[in-house]
Amino acid sequence: ACGSVGESGGGAAGSDGNGGGDGGQIEIGLVPKVEGISWFQRMEEGVTSFDEDHEDVSAFQTGPDSEDAAKQVAVIEDLIAQNVDAIVVVPNDPQAVAPVLERARNNGIVVVTHEAPALAGTESIDLDVEAFSNQEFGEQMFAPLAEAMGGEGQLVGEVGSLTSETHMAWYNAGLDYIEENYPDIEVVSDQPYEDNNSDSTARSNAQEILRAYPDLAGFVGTSVSALANFAAILEEQGNTDVATSGLSLPSIAGPYLDDGWITHAQTWDPAGAGYVSCYVAMQLVNGEDVATGDDLGYEGYDDVTVEDGIVSGNATMLLESGQFSDGEYPF
Amino acid sequence: MQDDEAEPTTGEAIALDAADLEKTFGGVRALRGVSVQVRAGEVACLIGENGSGKSTFVKIVSGVHRPDSGTVSVHGQPLAGGDPREAIAAGVQVIYQDLALFDDLSVAENIAMNRLIHDGTRVVRRSRMREIARETLARVGVELDLDVPISSVSFANRQIVAICRALSMNARVLFMDEPTTALTTKEVRRLLRIVAELKELGLAIVFISHKLDEVMEVADSVTVFRDGSKVGDFAADQMDTGQLTYHMTGHEVVHEPYVRSQDDDTPILELDELTRAGHYENISLSVRPGDIVGVTGLLGSGRTEVALSLFGLNPADSGTVRIDGKQVEITSPIMAMKLGIALLPESRQEQGLFMGYSAERNISAAQLDRVTTAPGILSTRRERELAREVISFMGVNNREPRTVVGNLSGGNQQKIVIGRGVSMSPKIYILDSPTVGVDIGAKAEIYARIQAMARDGMGVILISDEPEEIAANCNRVVVMHDGRIVERLDSDDVAAEDFADRLGSLITDPGQTSEGHTEARL
Amino acid sequence: MVEKLRTILRYESELIVLVVAAVITVVLFAAFLSVEFFAPANLQSMAIQMSGFGFLALAMGIAMLSGGIDLSVVSASVLAGIAGASVVSGRFIPVTEGNGVQLALLGALTCVVVGMLCGLLNGFLIAKISIPPILATLSTMILYSGIGMAATSGQSVPVVVPVVGDFVNATFAGVPAVFLLLVLALAIAGFVLNRTRFGRRLYLFGENQVALRFAGGRTERTILLSYVMIGVLVGVAGIIMVARVNSARTGFGESYLLQAILVVVLAGFNPYGGRGRVGMLVIALLLLQGISSAFNAMQLSPYFTNLVWGALLLAVMVGNYVARQHRPRLAPKPGPEPAQSEEVGTR
Amino acid sequence: MSTATVSTTRGWIRRLRGVELYLAVVIVVYIAVVGIVNPLFLDIGTLFDMLRSGAGVALLALGVLTVLVSGGIDVSFTAIAIVSAYVGVRTALATGIDNLWLILFVAVTVGTLLGALNAVIIYAFRLPTLIVTLGTASAYHGAMAVLLGTTSYSRVQMPQSLVEFGVVDILRIPGHGGLSVYVAIVAFFAVLTWFILQRTMLGRSIYAVGSNEESASRLGINIFATKLFVYSYTGFLGALMGVMYVSQLKYVNPVSLIGTELLVLAAVLVGGVRLTGGVGTVLGALLGVVLLRLFVSTLVFLGLDSNWNDLFFGSVLLASLIVMYYRQRARNRRALVFATT
């Protein structure tokens, strides 16, 4: 399948809009969910290195101070008003940014999203960039856990929020996988618990879950807070009966993996996502396509798939014990 | 007119020497070069109309305010000014006009706090607190529950607490800024006796009051203020109240006793066996057009509670209220006002006025309907007209309707609240303690207005602690005690020569007519 | 004329301080920013951003006039938005070719009604149960977002009627319609607060609620009504939010709560009641929006914006203090005067 | 001061006890209900867990109590907490001295100073405390982010002394977890705060200032010194809490914690502490914290779906407030207190 995009004249229009006295540079603004947390600081590194790699591009990151879709919309509106050439967004709530992104496109601005497959193929965006297939990522998360549980026992899950599209996609894909392959694993709560990406909530959830389910055999956390705090509580209690898996960062999961409190952790490099999203945006501004098989200049994205408006890489990063020498974590 | 210094009664040292004090508050000259000297063992009374600068003088000496210029020294030691601690350390104690108590702290703590602070106490023992409180209370001869918060204590007892707090220290100069406003005759007597004792101990006492008979009783010298300047110092024994009044106001003040002149005797308001458990019992009363019915008694005798019931704020349990012969159930102030009842509340600061707002806003607050044009839309013009009307009828000294009432003197504030009620042309006007803290001149003007209203056919209920006030204004009087009416006096009693004295003793000693007990409630 | 100017100089110190702060800010922007910042497109975008938030701030301001506070403004407007969006989501009422406009109006009405009900509950708790406003609205803040969460499972409620989105983009003579709506609301609120009986009672309540009761004001009804009015504003804010993002979801706009309080106190509203003017609120809103957009344009970190907001708030308050030292002792206008007593109290 | 008469019943002391008693009853009933629904809840380990996770909030509550009693409101304490802790951590990282005492020292110094700065601004310019602390909260945190950045540090990157501090137990019951040293810290400061407020002249001055600031100054109470103490102490407790917080989470995230101040304020107010000053006890404030923590941390035991969290929490909170204040309203009416709110 030839996954070429650029059906819209977005690229050309973008170049036109670029005439506004900025020395012919292509301006790309990346709007993260929130500024100041390590994930997006790492993403900014990717944006910065993209900016440095490309003379004719000025790429920068600017975002809100809290994970609030309303503030993110405001930042995007300000970018539209400045008439940048492209906007890259990691939406807090894809639905909420959709209209403003559509407006951006109507103004001839190229729009690329990351972590918003739901917007792919809509009028709101040109392309969505994913580090991997969310379904696979979810299965990858649950498989080693089921294995470690010996294929049986109680399992509890926790997500950042029930409204997070990607978290729920991983969780549900994982559940389907378990249902099919490990019928003896019992998922004890109707719905995953929720930590709102807050460490203190994740921590007290972990304590309560362990008390309320004394026979728990497995825990899966799709948010960084969920997995890390659950592991921390296991460590504090010296509890070795529960296998754990989920999303994490090298610097957070590293020590727990080394000591065995985390069974399995995986992630993707936000720097790569930032770099590649900017790359895609630049291509579209220049009126060029992104097609299956292209190399987008970053590890894990050297052979991307483009399908239904989604550019998927192969950038899942499995975290393993002893993978990084002490303290030398990339992020 | 004599303006010369009064001869010092004793050869004692000068305890307080304040020279050339000037103080301006954002344009208002509160003190204009005032000098006052008080000797140890002397009671110097300070009198003057509302806003003449008496309290400001006190606050400067006690370090609450810093004077713009001028000096203060206590027993020869000059004070830098503007620091209460310095003044207290020098031996200055004040019973403030507003008492300056702590509502949420207990009686014991309120009394002892002063002492504890200046003893440099760091760790507080409750027993020590109570001990100090008990000692000083004993000195005044009053018993109070030490552990209840001040907010649950009657105003009279609060005044006692404030007095005790000042007495708990070994003061050398004691200021008493209207310490008797809420006290009844009996307590006033006691206080004046204490003043005499303290004087014997060599204290210099500055006593401020609007009640000239008290002043005449304790004063060695009298200092008169007018408009921030000192009119003069006078030896008390060479003066009478008439002369003092003249010095204060610049004219003679006479109270004309009120005689009812209406001939329509059908009552506008009738209370029949009105009862509210714990507040008052079996109150029966009727008011005819032109009546000024005095309601008096000790504090806590239930007068205010009855007034609040008539104003819809304290529903009665049983009994009936009839207005113009029709039985009514008054459930809210609005309804009371619709029925033609107006109330001047007891506390003008807390219940009467919006202190930070202008006079016109205060006046229109009770009858916004009257200053609207289209339904619900206010008219600035009408509001101002109404304010002007009230201000001129009541004779408020500051004629600018935009003046913030908090900046008016007490008497003028009171005129505004009273005038607000008058402008509603009520059938019945209930005045709860209308002249507390109001100077002689303003008092006379207020009396004149009240009587004028009654003459026009309004029924007035006048709640008051002062026998003189009742005597000067009422044609009928009821004395309440412990929630019941214990005495009714009609126009013949009121007209009698010795009425004020008789009333005074009826109030202080209601035991004459009932076996009631003199413990203050509420 | 000169006389009038002098009066303004003497009495309107708070206004002057705020205007001076605004002027300095604009001058600084002019120095540091390209002309593009003042281009119509950017001004339009700022106007749109201000609109939804402006309604919330106005609502908060009204609560503060009575000495209260409404911590539930954002969650109530989101709940209203969810209710309104459900109407136009096609989930309950099928959307056809012809009924788009009617549905949109019905949705808007739903928003306002739900907002009003939320305000009514707040008002009831405050006026009739006497729960302190800060506690009452804190619990309803949690409650309202709880209802929204339970009703939607946290999912976004999409809007499928296109007119809703058009509403935000509509302009009259280049001015966004939603902004005109805000201007209209501010004007009406200003009128109601300053010139009507109800507004006056609200101020009087904030100044001294006991005195208002003795003056025959229906204090409880006034407070209840004021929260209903807040509810209506919050409902309109809900409409604007929904229209802007074409959907509604719990948790949206939460960060606007503290910002609303900030803008209101910056405008000189006294959290203890009785003081505050809609006109000043307009200036404060413009100031805050200007700073936020300008800093975004300069790609400054949002934390830097916070720093500047905080510092600005303190600077303006200190400016007011200094100006107050020279204030004469007359109340200025029939309008809600900002006079302060000389007391030591700093509450 | 336009705030008029507030509660004027006779049994002030009795009534205060009333609030505490009421809270205690609600807490016991609630625990019983959760225990019946899920007996696993009734385990000493659960208690240990809750004590530990509630410790930080309890410390903040003690500070908030002190401020409220003095007649002020503080909304900057969470900002102070995280800023101080972050400065402490950064100091340790920059100097390479991985020592708990150093971090604590730096943090509480910063916290105390920031609190003191609040007091100076409030006092010098006679400004409403809510406004000042709203401004400083924004400014402090903004300044930290601008000057130091917002880099977060994970368990291995942060000072190890903090990681160790977070897991110290003073008592362990095998199979049920342990009682954190945090509990001892909170107990110590609860007693200290109680002692200061109730038994020292400083504490009584705080009540006096909260009750009537003008009167307090006329009595010669040093208003500035009192406020300086109140806000500095709150800053101090905040900083301590900040360090405990990052230690416990084993993760230093300088953009966390902010936004929780209203809940802490609510907990303290639920505990019967009066918003306008002069009234409040340590016991009440702590019971308020216990109650709110219970509500938020029993959902797993109750088996409630996460979607129902807020609805449940909001309703229970509201219901208890209604009962509490409706009774007080009725009492006030009889006592002829005329304020509506």
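Each chain gets a letter, A, B, C and D, in the order it is written, and its residues are counted from 1.
Following the convention adopted for this analysis, contacts are C-beta pairs under 8 Å (C-beta built on N, C-alpha and C of every residue); 3 or more make two chains touch, one makes a residue touch a chain.
A quick map from chain label to UniProt name: B = Sugar ABC transporter ATP-binding protein; C, D = ABC transporter permease.
As the structure is a computational prediction, the values presented were derived from the model and not from experiment.
Least step count on the touch graph, chain B to chain C (ABC transporter permease): 1.
Mean C-alpha position of chain C (ABC transporter permease) lies 29 Å from that of chain D (ABC transporter permease).
Chain B and chain D (ABC transporter permease) have centres, each the mean of its CA atoms, that are 43 Å apart. For this pair, chain A with chain B, the centres built from the Cα atoms lie 73 Å apart.
Per-chain CA centroids place chain A at a distance of 35 Å from chain D (ABC transporter permease). Across the assembly, chain B contributes residues 313, 350-351, 354-356 that each touch 2 or more other chains.
Among the residues of chain D (ABC transporter permease), those touching two or more other chains are numbered 2, 4-5, 145, 150, 214, 217, 259, 277, 307, 309, 338. Of all residues in chain A, those touching 2 or more other chains are 35-36, 65-66, 162, listed in ascending order.
Pairwise, the chains that make contact are A-C, A-D, B-C, B-D, C-D.
Chain contact summary for the complex, chain D (ABC transporter permease) toward chain B: residues 2, 4-10, 12-13, 198-205, 207-208, 210-212, 214-222, 277-279, 334, 336, 338. Remark: chain C (ABC transporter permease) residues 195-198, 200-201, 203-204, 207-208, 210-218, 274-275, 327-334, 337, 339-342 touch chain B in the complex. Against chain C (ABC transporter permease), in their complex, chain B makes its touches with residues 25-28, 311, 313, 332-334, 336-337, 343, 345, 350-358, 360-361, 364-366, 368-369, 372, 376-378, 380, 383-384, 400, 402-404, 406-407, 420.
In the complex of the two chains, the chain D (ABC transporter permease) residues touching chain C (ABC transporter permease) come out as 1-5, 71-72, 121-123, 125-132, 134-146, 150, 213-214, 217, 223, 259, 262-263, 265-266, 269-270, 275-277, 307-315, 317-318, 321-322, 325-326, 328-329, 332, 338-341.
Those residues of chain A lying in contact with chain D (ABC transporter permease) across their complex are 34-38, 41, 65-66, 162, 189-194, 198-200, 203-205, 207-209, 211-212, 214, 228-229, 232, 236-237, 249, 251-252, 254-256, 326-327, 329.
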